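By written order: A, B, C and D. Residues from 1 in each chain.
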C-alpha cells in the first residue's frame, strides 16, 4: 500500500509537495492570515450601549482612535521599543564580542548560559525584578551601601519608565545577542587582522570594518527586539505601575477590561499595519538569509 | 474508609468543625454514602437533592482567586459526592468577558453586586429556586432582601468588605489620615509613596466620596470633577495597583494605599511577617461597601448542584471558615451568633465595621446612564494614557 | 529479434527551462559493456546518467533498461544503481550498514545480507573494515564502499558519476585499474561519466563524447582518439595539431587539403564521408621530426625550424614552425641521442597520409 | 598598543556584569524558594509574605507544599501537555515545511515564506487578540484547543527556521542515493535524512518546548477560565496576593535544575558520540 502511494507521489511530485506543505499552510492561513482579516472585520463593527457587538459597519472605531491620548501611548510604545532596541544593542555588542574573541572553547557554554534563564517561567523572573528594583530593594540598597547614592537620594526605579526599560532589556537581550554573536562568529578574523595591519585603530576598525560586516546580524537583532517590544504589556503593567502604559496595555484594556472589541480591533489593526510595514521593509533589505541568521 | 479520611482531616484542622452537618457526617459514615446524603436532608431539602441526583455530579465554580478556604471544596465534595471544578478570575471585567465568551462553561460565579446588575441586564444569570435555599435564614438582615435583589432570587452573598485607606502609622503622622484628603490633598506631601486601586469603578469612587458625593451619581458634572482631582494626583501616585500593593506596604515602599479591607488585614498579617504599623481607615467622608455574591449562570449545566453549593455556603460553619481564612466579613449572621468567626476578626472594626461606620458606607449600584459610563471610561483613559 | 541492450535512449531530451541539457539523444549500451560518457561540464552527461537512474525525468523520449521503458519507474524500483560524484555514503552508518542498506530494503534475510556484505567487502578489498564509519576511511576506501554499496544489489547497470574526481592522481590511477577489474569480475554494465579523456580512454569499451546535449562521436577509445570526427572532439581529446583547411583536390584515394597559411596536406580516405571536411588533425606522436637536409619519404613532409622545446621526461614536445607559418607539435623520444635539437634549428616535419585525420563540421 | 592591553579586561568586567544582570532575578528566585517558617509543618495562610525580603529561616516547606498543591499540579500538567503536543505537532509540520521549502519549488513559495516569518516578530498581544477573535468567530470555546492551535501556529516558523539552518549542512545527494538503493521517498526521509536532521530537530524542540511551556501573553488571551497553564496560574496568584508565592519559586528552581540536568545529559551524550567518532 505504502509502496503504491510512494510510487503515485513520485509520479505526481506536485501532490507530494502539496501534502507536505499543506498542513502548515493551512495553519498559517487560518491562524495568521485569517485572524488578521478578522481584526479588520471586528474593527468596523459597532458596539451597542450594553456592550453587545452589532453587525453594523462603521468607521467610528478608527475615528475614536484619533485622540491625542492614544497617539501618545503609541509614541511612548515606539520610543520605549526603540530605547530597548538601542540599549540591547549597546549591551549585547560588547558581550557578544567578548564571547566571540575571548570565549575560546567556552563560547557555546557562555551563550547557553545567557539563554538558560528563559527556561524558567518568564513571569516569575519579571516579578523578581519588582523586589530588586523597589526603593528598599537590592539594587538601590547596594548602591547606597557602596556610596554611589547618597542616603537621602530621591532615585526611584520601580513604577516608572526606567524599570520598564531595564526589564525590557532583560527580557529581549538574547534576541539581540544571538544574531550578533552568530554574525561575529562568522566574521573573518584575517580581515580584521588585515585592517589592524593596515593601521586601523580599534575604534576605527569597529566602525568601518566590524560593524558593516555584521550588518545583517544587527538588523536581525534589532527587528527581533523592536517589533515584539512594541506590543509588550506585561512589563509596562508590572514595572510601570499601570502608569507607563504601552500599546499592549491598551489592547488588554480594550479587549479584557472594557470588553470593547471593535475599538480594540481598530487599535490592533493600526499596530498590525505598522508592524507589517517594518517587517516588510526588513525582509526586503536583508532577504531571508537575515532571518536565518538568528538560528544558524 | 470515608470515616477514616474525614477523621484525620478534621483533627488536623486548626478549627474543629462544630456544625451539625459535620457531626452528622461523623455519625453517619458507618453506612454507605447514600445513607449519609440522606442524613443531610436536615440541611438540604429533598427535592434539591433529587434534582442534584439527576445532574452530572460535577460542579463548575468560577470565583475570585484566593477567595476560599482550602478545605471548603474538599468538604463539599466529600459530603455530597460531587466533583468540583474550581476556576478563578482577577476582576469583575474578566469574569464578564469569560462568561460571555464561554457560555455553559460554569454553573456559578461570584460577581460583586454591581456586576450582578450588568450580568442580569445582559441575560447572563437566571433566577434561583428560593425554596431550595433553606439556609437563607442565616443571612444578616443587611443582605436579606437588599435593594439590588429584593427577593434573594439572584444573588447569594459570599463575603463582603469595604474599600478604604491603608496607611503606615509609623511613617505617616498626619491628621489627614482620617479621610480621603490623605490621598488627594496630601498627595504631594507623600509623593511617590501612595498608590491607588487600578479598577475604574474603585478609582473614580474615591474622589466622588472625597467630594462628599454619592458614588452612584449619574450627574456628568459631578463625575467630571473627579477627572481634575485624579489628574492632579497622578504625578504623585507611585502606581495604580490591585492586591500587588500588599508586599510593598509591608516593605514600606508604599506608605498609604487605596485598598480593600481584607487585603489590608492580610498585609498586617498577624500570623507572621506582616507590618503591624499598618492601619486601615474608612474615611470620614464615607467609602464603598461591597458584597460578592453567588449567581446562577444562564447556561449552567448543573443548576441544582450550583444551588446545593449556595445553600452549603450559607451554613454558618462554612461561611465562618471562609471569613477566618480570607479575612473578609461574613454575611452570615448565624456564623457570628454561634461564635464561629475568630475573635480577632470580629473585634477588628476594619473587618467588621461598627454601626456608625456602616452608616457612612454606600453600595455601588450599576449605572444606568450610558453617558455616565462613557465619561468614566474616558477619565480612566486619561489616567492610563 | 532485436538485440537486448542494457540501456537504450530513444530520442531522449531533458530541458531545464530554456536550457536543453540533453537534446534528442539516441544511445544503446550493450550488456556487460564499460561505457563512458565523456565531455566538458554542462554537456549533459550527468543529466543523461541521472535519467537512467530515475533521478531526472526525461522531457521527451523514452529510456529503456533491459528493453523495458522505465520512464515512469521511480528510482527505487529501477534495476540501476549510481555511484555518486561525492559518493553520498551515509555518514551515520558503518561501512557494513552502508552496504547492507539496499539489501535490507529488499527484506533479504539477515544471514544472507551478512554473507553478501562480506563477499562484497572481499571484492572491493575492504575486509575487516565493516565497523568503521565513512569519515574514518581514506578517499580510496570510501570509493570502494560506494561501489560495493551499489554492486551488492546486482543491478543491470552501474552508473558512475565522476566517482574519481576528488582523488589525487596516483590514487586515481589505482582506482581506475581497480574499477576495471571489478567490472570484469562482476560482468555488470558500467556507465561511466567523466570529463577526463585519459580516464575514459583507459577504462572504456566504448566512449560517447557529448557536447551541448548531443553525442558528437561514439566509438571505441582508439577510434575516438585517433580519428576524432570533429574539431571539438579533436581538441577535447588533446590533439595538438588541429588545422582549419579546405579541399583543394580529391581523387579516389586522397584528399588534398589547403590550410589558411597555404600548406597543402595529403590525406587518405578510408570510407565515404557524410559531409565535406573543414579541417584535419594529426596526432603529435604520428608526426616525425627529421634532422638534416634529406626529405623524409612520407606523403606529407615540410621544412621548418624548431620554435620551442618542452621536456616532458620520456618524450620531448617539440614545436616546429613551418615556412608558411603553421605550427606543428611532435613528440620526440628523449632517449634517442640522434634527435637532440636546439631552438631555431632547421628540421623536417613529416607524417603519413593515413595519419591525416579529416574533421567534419 | 596600550589600547590593546586594557580592552580585554574591560570587556571581561563588562561581560561578568552582564551575567550578574541576567542572573540576578534567577538567584533571587532560588533564594526565596528556601525562605520559610522555622516549623515546616505549620500552616501558612499567606506564603507570599515570605518573598517580601525578610529572611525567615532555611526551609523546604515550599518544596513539600509544591507536591501537595492540586491546582499547581493541574496547571503544570496542562502546561506540559500543551507544550508537548505543540512541540510534537510543530516539529512534525515544521520539518515537513522546511523540507519542502528547501527541496521543492511550488506556486506561491515566495508569499508562503513571507507569511511564515511574520509570526516570529508579531507581538504576543496582537497574536493573542487576533486569534481570540478568530476562535470566537468560528465558535471554538477557549481552552486547551485554542491554546494548542495558537502555540502550534507560532512554533512552526521557529522550528522551520532552525531545521532549515540544519538542512543547509546536509548533503542532499544522500537522499538520492537512498532512493537509488531502493528506498522510496518516505523510507529515504526516515532512514537517511531524519537521522542526519536529528540534532536540528532536537534543537528546534529545545527552543519550542520552553517557549510553549512558558508562554504567557498569547495564552493569557486564549486560556479560557477553566484551562489554566502554569504561567497563567502564576499570574493570577501573583496578581491576587501581590507577590509570587514561594511555592512557585520552588517550582521555578526545580524546572531550572531539571533543564540543567537535561542539557548536561545531552552535552554528555553528544560528547561521548564525538569521542567515539574520533577513534579510528
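As a working rule, a contact is a pair of C-beta atoms (placed from the backbone, for glycine too) under 8 Å apart; a residue touches a chain by one contact, two chains touch by 3 or more.
Here the structure is a predicted model, which is why all the values come from computation and not from measurement.
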Between A-D and A-C, the pair with more C-beta contacts: A-D
Mean-CA-position distance for chain C and chain A (Å): 59
Between chain A and chain D, centroid-to-centroid distance (C-alpha), Å: 16
Centroid spacing, where centroids are CA-atom means, of chain A and chain B in whole angstrom: 39
Separation of mean Cα positions, chain D and chain B [Å, integer]: 37
Shared-contact residues (touching 2 or more other chains) in chain A: 6-7, 10, 130-131, 136, 255-256
Chain B, residues touching no fewer than two other chains: 241, 244, 247-248, 251
Interface hub residues of chain C, defined as touching at least two other chains: 74, 76-77
Touching pairs - complete list by chain label: A-B, A-C, A-D, B-D, C-D
Touching residues on chain C, where the partner in the complex is chain A: 72, 74, 76-77
Chain C contact footprint on chain A (complex, rising order): 6-7, 10-11
Complex interface listing, chain D residues touching chain B: 37, 43-46, 48-54, 56, 71, 136, 141-143, 224-226, 228, 236-243
Residues of chain C defined as touching chain D within the complex: 53-55, 74-78, 80-82, 84-86, 88, 90-92, 101-102, 105-106, 132-133, 135-136, 149-150, 153
For the chain B and chain A complex, residues of the former touching the latter: 91, 93-94, 96-97, 100, 118, 121-122, 192, 195, 198, 200, 234, 237-241, 244, 247-248, 251-253, 370, 377, 381-382, 384-385
